Amino acid sequence: MQSSREEQMIFSEADVCAKSPLARSFIERREHLNGELLASDNKLIKRFFNLDTNAYLHSEGLPVLVKELMGLSVSAAMRCESCIYYHLIQAFRYGSTRKQIEESLNISLVIAGSIVIPSLRNAFAMLNELMPPQES
Amino acid sequence: MQSSREEQMIFSEADVCAKSPLARSFIERREHLNGELLASDNKLIKRFFNLDTNAYLHSEGLPVLVKELMGLSVSAAMRCESCIYYHLIQAFRYGSTRKQIEESLNISLVIAGSIVIPSLRNAFAMLNELMPPQES
Amino acid sequence: MQSSREEQMIFSEADVCAKSPLARSFIERREHLNGELLASDNKLIKRFFNLDTNAYLHSEGLPVLVKELMGLSVSAAMRCESCIYYHLIQAFRYGSTRKQIEESLNISLVIAGSIVIPSLRNAFAMLNELMPPQES
Amino acid sequence: MQSSREEQMIFSEADVCAKSPLARSFIERREHLNGELLASDNKLIKRFFNLDTNAYLHSEGLPVLVKELMGLSVSAAMRCESCIYYHLIQAFRYGSTRKQIEESLNISLVIAGSIVIPSLRNAFAMLNELMPPQES
Amino acid sequence: MQSSREEQMIFSEADVCAKSPLARSFIERREHLNGELLASDNKLIKRFFNLDTNAYLHSEGLPVLVKELMGLSVSAAMRCESCIYYHLIQAFRYGSTRKQIEESLNISLVIAGSIVIPSLRNAFAMLNELMPPQES
Amino acid sequence: MQSSREEQMIFSEADVCAKSPLARSFIERREHLNGELLASDNKLIKRFFNLDTNAYLHSEGLPVLVKELMGLSVSAAMRCESCIYYHLIQAFRYGSTRKQIEESLNISLVIAGSIVIPSLRNAFAMLNELMPPQES
C-alpha cells in the first residue's frame, strides 16, 4: 500500500528534503522518534497507526490531497505542530498549490483564533522553503 | 454576496427543514440566538462574522464544498456541536455526498479520538435525516 | 467573607433573578447540583473551591470586577458555558457596564475563534435580559 | 468477548437502570444514538470502536477496573460528559468503591482546573444515585 | 495607530530587550517568523491581524492594560506560550505591576489546572527578568 | 510527607538520572524553573502545589502507583509534555512495569486520537531509556 501511495505523489521525500532544511530536520527527527515508539511490540499503537493510514487513503468520496489538506486544517486548529508539518509535507507531495495550503490554514485561523498564529508562523516558515511565495 | 452563495447551492434552507426535523430545530434556534448576539452594535463581532464568511467562499484554491467539509472536520475534532450541525447542513446544501461527509468525520475521529464519538452520534442522527443511509 | 463579598456588590442574587429568567434558571440548577457535588465529604473538592474563591477576591493588584471579567473572558475562550454564565452574573452584580462585558467576550472571540460563537450566542441571550442593549 | 466482559461485572445494566434514573436515561439515549451512528456501513468507525474496546480490556498490565477509572479521569479532565457517564457506569459495574471514583475525579479537577466543575456536578448527581454518599 | 499605542506605553521594546534576555530572544524570533507569515499576500491573515489589534485597543469600556492582562490570562489558560510571552511583555510595557501579572496568571491556574504549570514556569522566568521579585 | 513518599519509592531521583539522560535533563530544567516560579511569595501557587501533591497521595481508595499512571494518562491525552515526563518518572519510581505505562498511554491515544502521537513519541524515547523494551 505504501508503494501505491508513493506512486500517487508528485514529489519524493528526497525532493522535500532537498528543497527545505526545516522539512528535512523534521522528517529525520520524526523517523528517529517513530523508531522509539515502535521499538516495543505495542499492538494497540500499531493498529492505531494502521487505522490512521486508512483514514487518509484516496477513495471514491474524497481525493487524497483533499484529505491531507483537511488533516492540515484540523492539525493547525488543534495546534499540533508536528501534525501540521507532517500534513503540510504530504499535501505538497501530492501536488497541492500554495494557495490550497494557505486557504486550509486560513480556515484553522478563523475557527480556532489567534492562539493558532504561533503555529501558523512555523508552518509558513516551512511552506516558504517548499514553495517560495513568488512562485505561488 | 449572500445571494450568489445561495445560487451555488443545490438545496434551499426550506429543503433542509423539510427533510430533517433536527436540522429545522437547529436552524430556528440558531437564527433566534443570532438575533440576540447581533442585537447590540458590537463592531468586532460583526467584523469577525464577515471574516468568517470570507474564509469559506469559493476561490481559485478550493471549491466551497471542500471548505465546508473542512469546516465540518475541524468542528467535529474540536467537539463544537453547533459548528458541526452548521457545516453539515452547508455541505449538504452544496451537494456533498453522504460518503464525503462521513469521510470528513472519520478524519476528525482518527485525529481527535473517542471523545469525538458523542458529537458524531448527534451528527449522524442529523445526517440520517438529511441523507438516509440506504440512499448513499 | 461571603458577606463582605455581598457588600461589594451592587445587585443581589434576587435582583438578578428578577431581571433575567435565564439567569434564574441557571442559578437554581447550579445550586441544586452544587448540593450533589458537596453531599459527600470530599476534602479535595472543598479545598479547591476555597482556592477558587480566593483567586477572585479584591486585592491590591486587581479589583474584583476586573477579575470577574477576566474569569468571563477565559471561560468563553475555553467554551465552558456554565462558567460563562457564572462570571457574567458576577460581573453584572459587581457593577460591570454592558460594554465591559462585551469587550471581555470580544477578546475571547479573537483569541479562540469562531468555535466560541455558539457560547457567545447563549451569553448574549442572558446579557440581553440583564442589561438590554438599548440601555448600554 | 462482550459476554466475558459481562461475567467480570458485578452489576448488570438492568441493576444500573434500577438504581439511577439519570443513568437509565443516559443509557437509553446512548443506545438510540449508537444505532444512528452504526446505521451506515462506515468501516473506519467500526474499526475504531473495536480498538476502543480493546484498550479497556483486562490485561496482565492493569485490571479492567483501573482502566475504567483511568478512562473516567481522562474524560472528566477533557470535559466529555457522555464519556464521563459511560466510564462512571462501567467503573460501578466492575465493582468500584465510591472513594475510588471520587479520587479519580479529584485528579481530573487538579489537572484540568475549575472548568471541570460543571461536569463534576453532573457526574456526582449520577454517582449519588448509584452509590448514595452515606453508603460510601 | 501603532504610534499612538507606543505613546501610551511606559517602556519601549528596547527597554524590554535590555532588561530581559528571554524577552529579547522571543521578540527577535517572533519578528523573524512574522516576516515568514506575512511574506505572501494572504488577505485573510492580514485582516485577522487587524481585528486582533483592535480587540486590545484602549476604549471607554476597558483600559488597554486590563485588556493585555486579560489576553495574558486567557493565553496561559490555553497554554499558548508564545501568546503568554507576548501579552506579558505588553502588560509590562503598559505599566503593569508584578502583582497584577501574577494575579492574572493565578486565575489561569485555578481555571485550567496543573497542566498550566509548565507554561507558568516559563512565564515566571521571563517575569523575573523584567521585574525581579524583590522589586514587586 | 515528602520523606514518606520517598520511602514508598523503589528508585531514587539519582537512579532515574543515571538510567536516562532525557529524564536527567528534564529533572534539572524542571527544578531550575520551579525555582523561578517559587521565587516570589505567590500564596495561591503554593496552595495549589499543596493541593496537587495531595491528589496523588496513597489512600484507601487508590494506591499511589495507580494515581501516577492516571496522571500520566490524563497528561498524555491533554498533550502536556512536561506533565507526561513528570508522571512517567514518578510511575517508574513507584515500581510500574513497562506494560502498565504503555497501557496507560494506550488509553490516552484511543481517547484523544492521533494528535497525541507526537507526545507519545517523546514519552517512549524516555521510557526506552528507563526501561528498555527487551527488559519489559
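A, B, C, D, E and F are the chain letters, set down in written order, and residue numbers restart from 1 in every chain.
Here, contacts are C-beta pairs under 8 Å (C-beta built on N, C-alpha and C of every residue); 3 or more make two chains touch, one makes a residue touch a chain.
What you see is a predicted model; the values in this text were computed from it and never measured.
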For chain D, the least number of touch steps when starting out from chain B:
1
Quickly list, by label, the chains bordering both chain C and chain D.
A, B, E, F
The B-D interface: which of C-D, C-E or B-F repeats it, judged by over half of the contact pairs being the same residue numbers?
C-D
Approximate Å spacing (C-alpha centroids) for the pair chain A, chain C
41
For chain A and chain E, what's the span in angstrom between their mean Cα positions?
30
Find every residue in chain C that makes contact with two or more other chains and list them.
44, 48, 51-52, 55, 75, 77-78, 83, 102, 106, 109-112, 114-115
Within their complex, state which residues of chain C touch chain D.
30, 33-34, 36-37, 39-42, 44-45, 48, 52, 75, 78, 80-83
Where on chain E does chain F make contact in their complex?
79, 98, 102, 106, 109-110, 114-115, 117-118, 120-122, 124-125, 128, 133, 136
What part of chain B is in contact with chain F in the complex they form?
77, 109-116
Within their complex, state which residues of chain C touch chain E.
51-52, 55-56, 59-62, 66-67, 69-71, 73-75, 77-78, 83, 97, 99-100, 102-104, 106-112
So in the complex, the part of chain A that touches chain D is made up of which residues?
44, 47-48, 51, 54-55
